[in-house]
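Here come two complexes built around chain A, the first alongside chain B, the second alongside chain C.
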Partner chain A sequence: MRLLQYVAKRLLQLVPVLLGVSVIIFTISHVLPGNPVYLFVGIDTTPEEIEAITKRLGLDKPLHEQYFIWLGNVLQGDLGDSWFTSESVAQDLIRRFPATFEMTTVALLVAIALGVPLGVLSAVYRNSWIDNISRSITLLGVSVPSFWLGLLLIYVLFYLLRIFPPPSGRIGLLISPPDRITGLYLIDSLLTGNWKAFSSSAQHLALPVMTQALITLAPITRLMRSSMLEVLGSEYIQAARANGVPDRQIYFRDALRNALLAPLTFVALVYGNLLGGSVVIERIFSWPGVGRYALESIVVKDYNAVQGFVLMAAVLYVLVFLIVDILYFVIDPRITA
Partner chain B sequence: MLDARKPDTLLDVRGLHTYFYTYEGIVKAVNSVSYGLKRGEITGLVGESGSGKSVTAQSIIQLVKAPGKIVSGEVWLDGEDLMSLSQAEMQAVRGRKISMIFQEPRAALNPLFTVGDQISRVIQLREGCSRSIAESQAVEMMRAVEIADPDRRASAYPHELSGGMCQRVMVAMALSANPLLLIADEPTTGLDVTVQAQVLDLISTRVQSAGSACLFITHDLGVVAELCERVIVMYAGRVVEQGPVSEIFTNPRHPYTQGLIASTLRVDIDKPISTIPGTVPDAVHLPSGCTFHPRCPFAEDLCQLEEPPMVEAGHDHTTRCHIVSGRIKKEMLEEAWELEPA
Partner chain C sequence: MKAQGNPLQLGLKTEMPPGLQRFLFQLRRNWSTLVGIGIILFFVLIAIFAPLIATHDPVITNLDEQFEAPSTRHFFGTDEVGWDIYSRVIYATRVDFFIAIASVLMAIAIGVPLGGLTGYFSGRFDDILMRILDAFQAFPPLILAMAVVAALGRSIWLVIAVIAFINFPSYLRVVRAEMKSKKESFYAEAARSVGNPSHRLIFRHLIPNCLDPVLAQAPLNAGWAILVAASLSFIGLGVPIPTPEWGSMINDGVGGIVSGEWWISFFPGLAAMLAVLGFNLLSEGLRDIFDPKRMES
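Showing the complex of A and B:
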């Protein structure tokens, strides 16, 4: 009941945030230099024709009117058409987003699944060999640029050792993708029982996921370690020990829950960022995600596409933070609605 | 070793050394500390901040935080040398034979669990009983420490309770074990005076009725005078004087104890608030000889050169001072004190 109240309140708070975001996005795309009308005209277009196109696009109306027309369209799911792909931007994004979502979500889960225990272990066994190994891994993850790491993994694991397939996208070139249900190849192929597609898409996921996960894992591990160390040094842990609570329970019951609070915000930040697409990794692995779409749209000045992409990224960011806020609310009783 | 123990001595600490290995050097936080605690008695452990009071307590339960390490010493509890126990055996001592109450009650409770949950878990760990039995015992314990409406309070989180209420919860948790030894590390420092009195009363009645011993760490001599039977005075990691409260307060022999008592605020006589001149010495670079000599108004050359041994100063009363031992022939006159007005 308390939770429902909190969720309702947070959802209501989203409305002004998203309105603000829409104003900023609209304004930026309209103060950018250049007149979009000229994209539709040739050398021999007459001024009368230019005026007609301006009118047709609604660009002769006052700015606030243009904003409300645009907002109305956005609310109906119409982000305009891409001049480059000549399809609706919404359709373009919907088609590409699952690729980004699948890759980044798997990468994040891997990073959490490895980073949290590694951070906990290096805090519990501080300055031991396991702490040193974790320090080396995280140092590598923090200092190595993603493009270099991606290329290195391709060189070693594909070119030299032939363990993983070439960086040719989400699935083998000769294998047809599974029937689209969610757009996530792993899930769709499982749902349709298409084992060939499943194994191929899992193999194609491996290298980009490894690249992304290693880079994400590094700060998660470090944060988890320092957070855990802080909690383990706290008075209530000392008190629990003084009350005869065994170490295992101290680590996993008393300390872990408290120590998870700090890295949680960081994970949200990273995930929010990743869902906007990782331009570098998607490019290296020919991954047909939204990051590459955004990059290509910027290069060809496809304003509608860029605008739609930024709006999508902002909404995803806000949603991720909503989820994290709810998680905090569930974990920490000190947060009140 | 055992034969030297008096039968009613519950805790016997002998030659305890706990050092902290810091970058600046070795800090001898507890330096050759020996004392005994009797059953049914509350012993006050006093001294300024940094004198090694808390580390002494942490050493007894072997929970000294890094970079601290117990270097040597024996801790006999009820005929058992705790230092010879394995880690697992020691863990079984904590929360059963020895319980501890902490200075900051709210900080000593886990913020993410309800207080009932925390008490009942300690009970469940110890008794190996079912969850529901532990829970009802926890409520009973809360009632015993005079928490009103314990059923409802059991489901409260620490941040929802006052500091005094949290300390009662800690006391309930510590006493639920019926420990042989209760260590209270400045348990009332953060509390209101009225709440302080209630918590002290609670500790004192429970200790006496259970026949356990209590090591009460404080820097408040007023509390010691009221609550304790014996007092141990620590200075810079060493015990400088110990004995019965009645004896120490009327006839303090060590200059430091004299200074402490003289600088205690009193309402019955007209006396300005004052402090002992100087500060506790730098823990890494302790003064030579008697560590108190730089602040001592009676200090002579010998005090700088040679550390005084523990000597008898009266019945059941020992101290470390060259004047008391007779090595230096001198009167300790109260006029020699030049207490600084605070």
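Showing the complex of A and C:
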């Protein structure tokens, strides 16, 4: 009951934020200069024709009316049509989203699986060689441009050593993708028992995941370390020490549990970075996800598609924050609805 | 971290104000700040003396010397159109540092006064402003930057403005938080009671005392600005070619990576990473200095 109340409250709080998001997106695409009508006209178009197109696109109406029409459509899941793929933007995004979701989620899981223990070790053995190594990795990880790291990995692990396949998308060129169930190749190929597709898509995932995981690892490790240090310095841990509780038990039973709370909120932020990063990462790995779709749409000035992608990214980002907040609420009983 | 002994024994000039003394003392024991400052100075010198250090013109193409590997003639090799990578990496320092510094200054110029005012007056204005900021922070930052630049076109100034716009809320928030505690302090009360008008109180007495976290934040944002500018240029939305910029230079080498011409992307990326690393080290060190408790932990 308490949980329901909290979820309801958080959902209500989302309404103004999402309205703000919609106003911002509408402003970027409708109010700022760059008349979309000129996308549809050539040099020999007459002023009358321009007027007709303006009317057809509804651009002659006052701005606030345009906004409400647009918002109404968006709320019904209509993001307009992409004039480049000549399909609905919502359909395009839904079709491409699993590719991005698979890559970013696996990267996030890998980063957490490595970053949390590394941060804990770093805190427990503070100022030791392992702490120094982990802090150096962290510092480099937050300083390196992700796409450059991706290119280096491609050069070394594909071009020089031939360990991984070329950066040519989600699956080998000669292997047909698994039947679509979730759109996630790893899961679909497992469900259909298609081992060839599974191994090929896992290999193709390796490099982009490695790139994004290395970048994501850095802030997670850093936060985990400082959170763990804080908990280890707290009075109840010192009390446990004074009472002779063995170190191992202190670290992994008492401290870790509390130290995990801080990085949890951070996961939401990190996911936003992963989504933003997917635009550049998908470009270098020819990954057929939403990031690459957005980039292609920008190049051909397909405003509906770009707008749809930005809206999707913002909504996803907000939802991830919501999920993390709810998890927080479940884990930490001190938060009250 | 308490300084032991008198200032003379610590080798510090006694006529310096105590705040600066403490700062310099901690700077000496803080290698990360020193290394960070060293790296940044190195790049600043490169930017200033670019015409002297560069061996070729950064924008004149030379189709006789395409795809040449690093050699004594072309230290970092050449690219598809025969541009000398070494000279371009050097000239790009000017562009990228200009973007980093200008965007940070712009973000501070917007965020600090606005944060001071909204923190001091609170109330309805504060509520509305914070809700607006919430909406902007609902976007993954790089995607917001991308959307704006895609709509408005490519130029250095636009990149700077967009990065400043994304960063200013962080300054606003830290100054606002500081202001909320400082405005209740005794010295604020004292300044008020001798008849200072509020604008004087805010801008002369309070805001200068809220700047510590701003200083620690600035290099972090400068580093981040380089990464964003490079990302935007990498996807063709940032600094227009042929202006040398690290991100767009990395982009020039994408094709070469799978055919063995590693140097086209490698050197500009290395420069970008080093520069960002410098700013991050400086920021880390400054945070330790302003918050001594943090260094002890």
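Throughout what follows, the second predicted complex is superposed on the first by the 331 of 337 C-alpha atoms of A that agree within 3 Å, B and C clash if a C-alpha of one lies under 4 Å from a C-alpha of the other, contacts with A are read in each partner's own complex, and residues count from 1 in each chain.
The definition used in the following text is that a contact is a pair of C-beta atoms (placed from the backbone, for glycine too) under 8 Å apart; a residue touches a chain by one contact, two chains touch by 3 or more.
Just so it is clear, the model here is predicted, and its values are computed rather than measured.
**Student:** May I ask you to decide whether A:241 touches chain B, chain C, both, or neither, giving the answer as first, second, both or neither?
**Tutor:** A:241: touches chain B, not chain C.
**Student:** Of the two partner chains, chain B (first) and chain C (second), which one does A:159 touch, if any: first, second, both, or neither?
**Tutor:** Once the two structures are laid over each other on A, A:159 reaches chain C alone.
**Student:** Now for A:257: first (chain B), second (chain C), both, or neither, which partner does it touch?
**Tutor:** A:257 contacts chain B only, not chain C.
**Student:** Please work out whether A:233 is in contact with chain B alone, chain C alone, both, or neither, and reply first, second, both or neither.
**Tutor:** Both chain B and chain C are touched by A:233.
**Student:** Answer with first, second, both or neither: which of chain B and chain C does A:268 touch in the superposed model?
**Tutor:** Neither partner.
**Student:** Look at the residues of chain A and decide whether chain B or chain C touches more of them.
**Tutor:** Here the partner covering more residues of chain A is C.
**Student:** In the superposed view, which residues of chain A touch chain B and also chain C?
**Tutor:** Shared contact residues on chain A: 233.
**Student:** Report the residues of chain A in contact with chain C in the complex, numbered from low to high.
**Tutor:** Within the complex, chain A touches chain C at residues 16-21, 23-25, 28-29, 32-34, 139-140, 142-148, 151-152, 154-155, 158-159, 166-167, 226, 229-230, 233, 272-273, 275-277, 279-280, 283-284, 294-295, 298-299, 303, 306-307, 309-310, 313-314, 317-318.
**Student:** For the complex, give me every residue of chain A touching chain B.
**Tutor:** Within the complex, chain A touches chain B at residues 233-236, 238-247, 249, 254, 257-258, 331-334.
**Student:** Can you list the chain B residues touching chain A in their complex?
**Tutor:** Touch list, chain B to chain A: 61, 63, 65, 91-96, 98-100, 102, 104, 107-112, 121-122, 125-126, 157, 159, 170, 173-174, 177.
**Student:** Across the complex, what residues on chain C touch chain A?
**Tutor:** 131-132, 134-136, 138-144, 146-148, 150-153, 223, 227, 230-231, 234-237, 246-247, 250, 253-254, 257-260, 262, 265-266, 269, 272-273, 276-277, 280-281, 284, 297
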